[in-house]
């Protein structure tokens, strides 16, 4: 019981804080933050744990979003089924491209993903324009049926749903980090040969990580679709490629709460800075360079050791050093 | 069946687009080969080259002067970035240089927006004249673009094979440590290579400007295509880059004659196919970062 | 523990208290050695004893955690490796990797570039074979020819000290004999530090032998009578 509590309390605390902030932050902002953080956790996992950076996360986001959108626009009305369809399409697409992509070196990997995003962009914008309505996008907000208990059509209900989903996602990734699989991922990042000697296949470890991460990204896409009731090719446009990478770095690569903190900061700053100086790219670009040069720890990576010291300085003092090096 | 006129103008169009991609891909390829970095910020020097061309041609009325200015400013910016940022990160792994240079690209786009605003700008074509090739009118400017790219290829070839600095760069692509061991200042070699890359990207931007509208995100728009050229050719190989720029240019242009939406997707499909067969690209080496 | 040799102005190269680590793991412990003009100094030891690490640290490719490397009055620690090479302390790596895409001539040109010493006759006097191979791509050379080219291009600029890593490894006996004569000849102008497994060769040419074991110098044989194969073997 106590063990279970110890394991869960960080996640519960993080999301309770987010839930409480509902009192003084606009709902639209919080919904955006939650979906964005789910969007980013896949990218963060790939970079931090497997050592792969992907400039093509919008591809998987769009796959999830369009999966959901097609269902809700053409076939059904139940948003939960729509979400499921979105996640499944993400699983299928990453299952198809994964075996090819994970064989590539990290630089090729990043760019091939970008290429996939471009392909999906043109696919949705031009080639499949008959069913995707091209740049006009698919509008299906009115198609979404109201459901009992949590009515996803209502932003306030959606918020609760999103919180629960995010908690589940975080629990999943925390579990991964603790598991042998998580250790294997780190091993394949640091030293491929050693993992091979231990009898694990780099290929399958990477493939599994790739599929899980990108299915998570597709989940975020599906949630966007349900939340906005609208999808357009813009979602996978190469212009959107920076977002998850920037948030990952901003939050702190490979940390568990980095994506959440990063998404919060990014969404917040985007609003504030666009209003203030109206030049968002200038700020975020140089912030990215700065974080990289300053030791690539990001916000959470920097804060975490301090927070731990603050809360656990009696209990876990000897541990703080090691956790500062490998924050989770 | 396609008629000859359409085909000829399609081929010329493809050659000119391929030339632009080639100019940018050379720099990327050299930077990867020698310094083992992925320099996404080359796309920034391309945009800067285009904007300088726009401003100078507006001020002086001469587009060629603008292009020259683009080359110079592209090279100078690359020099500054190399000194301020890349100096510190050569030792790091590939993904690190990739993310950092991506930050530079995004930040640089912000700088461009600050100076020139977000409205797309037109650049006049320096020569409107057409030339007759087998009964087809072909714009001379596109031929000039192809000619410039051909000259650059020859120039780079001569530089790499006939000058001592070029030979040192070729040697460094094989093994930087051995070059250092001979007493050659490799960090100067890195700087020279980076400036060449930046200047060529600036040249690409300047030459491309009259063919498109100049806008802040133009770098992001060609990013995928340029990297496709580099990947198909194989990172670190000039010859591979030339061949793949030619292929990609033709696929984009001939493809659009057959079915327009395919033009943008076909190169990516080809790239995936090539990587499936040969994961390091056509002429790519299996060199890894030490 | 060998005695620390005090810095001596006659020494071309003095290493003292040198500690080197790869990340967390320490590879060299408190190394001290000295090289005088015209000396051939050999380092022997098993694989992994830290011999190559020692040469690389002297040449500036690895950063020591502490200790000093001096040449005459100049401190070498912290200098760029190309500076050290330019000063005349040249490292010849063991991998026999010439620039395979460049011709033999171009390889030599790069050797000449730093010091602008284009006197290739010195190289071809030692290695006449290179003369006929000038136009060949170095990638097509045999192992022995590569080793000649690597030593040859390091000779340009008249280095004070040559640090040669496993020069005879995997080479035919006739070439080993040739290199042995070259080394003796070279030592008239240059000091040599050679990492070598071939003990008969070592004992035949060197005037001082350091034996390395697990990152430490366990023996220093400086007396010509003590430099014997069986004496060296004891420390391996």
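Per-chain numbering from 1; labels A, B and C assigned in written order.
By our rule, contacts are C-beta pairs under 8 Å (C-beta built on N, C-alpha and C of every residue); 3 or more make two chains touch, one makes a residue touch a chain.
Remember, predicted model here, so these are calculated numbers, not experimental data.
Q: Farthest chain from chain B, going by the mean of C-alpha atoms per chain?
A: Relative to chain B, the chain whose C-alpha centre sits farthest away is C.
Q: Of all the chains shown, whose C-alpha centre falls nearest the centre of every protein C-alpha atom combined?
A: Closest to the centre of all protein C-alpha atoms: chain B.
Q: Ranked by contacting C-beta pairs, which pair of chains comes out on top?
A: Greatest count of contact pairs is found between chains A-B.
Q: Centroid of chain B to centroid of chain C, CA atoms only: how many Å?
A: That gives a centre separation of 43 Å.
Q: From the C-alpha centre of chain A to that of chain C, how far is it in Å?
A: 53
Q: Find the geometric centre of each of chain A and chain B from their Cα atoms only, then give the gap between the two centres in Å, rounded to an integer.
A: Centre-to-centre distance between chain A and chain B: 32 Å.
Q: I need the residues of chain C touching at least two other chains; which ones are they?
A: none
Q: Going by the touch rule set out above, which residues of chain A reach two or more other chains?
A: Within chain A, no residue contacts more than one other chain.
Q: State the interface residues of chain B toward chain C in the complex, per the touch definition above.
A: My answer: residues 164, 167-168, 170-171, 173-175, 177-187.
Q: Using the touch definition from the top, list the residues of chain C that touch chain B in their complex.
A: 59, 61, 80-83, 85-86, 90-93, 97, 99-102, 106-107, 109-111, 113-115, 153-154, 157
Q: Write out the stretch or stretches of chain A touching chain B in their complex.
A: Its residues touching chain B are 47, 51-53, 55, 100, 103-108, 110-112, 114-119, 122-123, 125-127, 129, 238-239, 241-242, 245-246, 249, 279-289, 292-293, 296.
Q: Sort out for me which residues of chain B touch chain A in the complex.
A: Going by the criterion above, the answer is residues 32, 38, 85, 88-89, 93-96, 98-100, 102-111, 113-114, 217, 220-221, 223-224, 227-228, 231, 235, 260-262, 264-265, 268-269, 271-272, 275-276, 279-280, 288.
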